[in-house]
Amino acid sequence: MKISARNQLKGTIIEIHKGATTAHVSIALPGGAVVMASITNEAVDELGLGMGMAATAIVKASDVMVGVD
Amino acid sequence: MKISARNQLKGTIIEIHKGATTAHVSIALPGGAVVMASITNEAVDELGLGMGMAATAIVKASDVMVGVD
Amino acid sequence: MKISARNQLKGTIIEIHKGATTAHVSIALPGGAVVMASITNEAVDELGLGMGMAATAIVKASDVMVGVD
Amino acid sequence: MKISARNQLKGTIIEIHKGATTAHVSIALPGGAVVMASITNEAVDELGLGMGMAATAIVKASDVMVGVD
Amino acid sequence: MKISARNQLKGTIIEIHKGATTAHVSIALPGGAVVMASITNEAVDELGLGMGMAATAIVKASDVMVGVD
Amino acid sequence: MKISARNQLKGTIIEIHKGATTAHVSIALPGGAVVMASITNEAVDELGLGMGMAATAIVKASDVMVGVD
């Protein structure tokens, strides 16, 4: 499936931490930045996410803010 | 100000496109990825955003999804 | 691509209204409900969205609220 | 209260799963689709949500993405 | 309708600015703070929003970040 | 850092409740309203949040809905 989200950043899963219902999944991008996703435990299981897997961090443009120093 | 958002990706503004009320601002990250933010025109003016400026794309972890092929 | 979003509702595009930078796309679900998405004009063009096309409305569980009368 | 959210999908609660702070509530729509909401445990208690109750899944249009195959 | 969103801040509408598809609505709270909502033009019309009207700014807890100096 | 989010409401932290991965932080505004943020436990620790601290509730305009009676 192709989706409308403007931001689809490819990387590698470097950490998965499951809580009671919510999991934190960290994806390292090629340039060194790390993106953390907070998703349901169910999604982690259903997608079969694991350490070292290739994965895409997906973010809708309306959910991105801009900061300047 | 320091903020709780888990994802704060530093880069450079490479495009600003203003609409009637909403602007699209694109920030290139060091590794080559580009993140687009959809923010208000007011925010663009208030922060004085311009081409080539250093800027940070800020995303809350709960707004990140994970995709796998 | 498979994605972590818990809500992926299949339907048919029944309306596309483009603004200056933001478009509204309405997807009718089989049961009669209509879901409106507010996405970038760019996404509409890139995905080649058109009236009558099959499409999926995708929503992260953390973006859904519950209401009761 | 009437609210601005474009998507207000009426259905029936078919599952409630509480975690440590976050609960998952699933609402079945008339057409068969199921929408999952991730909300606070407090909200579940305050609204008195229970299995089989009529409920509305509420989603802001800016939180809906579009996918195509 | 009662909704699950943890943040329901009552105030008065002090500004409405419509764009091509998206409107900005500002609500002044009793303590002096102003909350701006970015909603669809359709929602403004459907709810009959106008200057000086009592209105509630509604925000899901998962959409609130915390900043400290 | 200055950020694009239109809503930056200054107040005082009056409650912090940590769950397995997600924490709820409540900030009282000067006018009496309370804003609850659902953020990661990590963010609570990293920012050193504590009861009685001055803090800002930050919300993007696109995450605010409007309700009327």
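Per-chain residue numbering starts at 1, and chain names A, B, C, D, E and F are given in the order in which the chains are listed.
Note that a contact is a pair of C-beta atoms (placed from the backbone, for glycine too) under 8 Å apart; a residue touches a chain by one contact, two chains touch by 3 or more.
If you want to know which protein each chain is, UniProt gives these names: A, B, C, D, E, F = Molybdopterin-binding protein.
Keep in mind that what you see is a predicted model, and the values were worked out from it rather than measured.
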Any chain in contact with subunit B (Molybdopterin-binding protein) as well as subunit C (Molybdopterin-binding protein): A, E
Matching chain pair for B-C (criterion: over half of the contact pairs shared, by residue number), options C-D, D-E or C-E: C-E
Between subunit C (Molybdopterin-binding protein) and its twin subunit E (Molybdopterin-binding protein), rotation from the CA superposition, multiple of 5 degrees: 120
Separation of subunit B (Molybdopterin-binding protein) from subunit D (Molybdopterin-binding protein), taking each centre as the mean of its C-alpha atoms, in whole Å: 29
Interchain centroid distance [CA atoms averaged], subunit A (Molybdopterin-binding protein)/subunit B (Molybdopterin-binding protein), Å: 17
Whole-Å separation of chain centres (CA-atom averages), subunit B (Molybdopterin-binding protein) against subunit F (Molybdopterin-binding protein): 21
Overlap residues in subunit B (Molybdopterin-binding protein), where contacts from two or more other chains coincide: 1-6, 19-22, 24, 36-40, 42-43, 47, 56, 58, 60-63, 65-69
Overall pattern in which the protein chains touch one another (line/ring/star/complete/other): other
Contact pairs between chains, per stated definition: A-B, A-C, A-D, A-F, B-C, B-E, B-F, C-D, C-E, D-E, D-F, E-F
Contact set on subunit C (Molybdopterin-binding protein) toward subunit B (Molybdopterin-binding protein) in their complex: 1-5, 19-22, 40, 42, 60, 62
List of subunit E (Molybdopterin-binding protein) residues in touch with subunit D (Molybdopterin-binding protein) within their complex: 1-6, 37-40, 42-44, 46-47, 56, 58, 60-62
Touching residues on subunit B (Molybdopterin-binding protein), where the partner in the complex is subunit C (Molybdopterin-binding protein): 17-24, 36, 38, 62-63, 65-69
Contact set on subunit B (Molybdopterin-binding protein) toward subunit A (Molybdopterin-binding protein) in their complex: 3, 5-10, 24-25, 27, 29-33, 35-39, 43, 47-49, 53-69
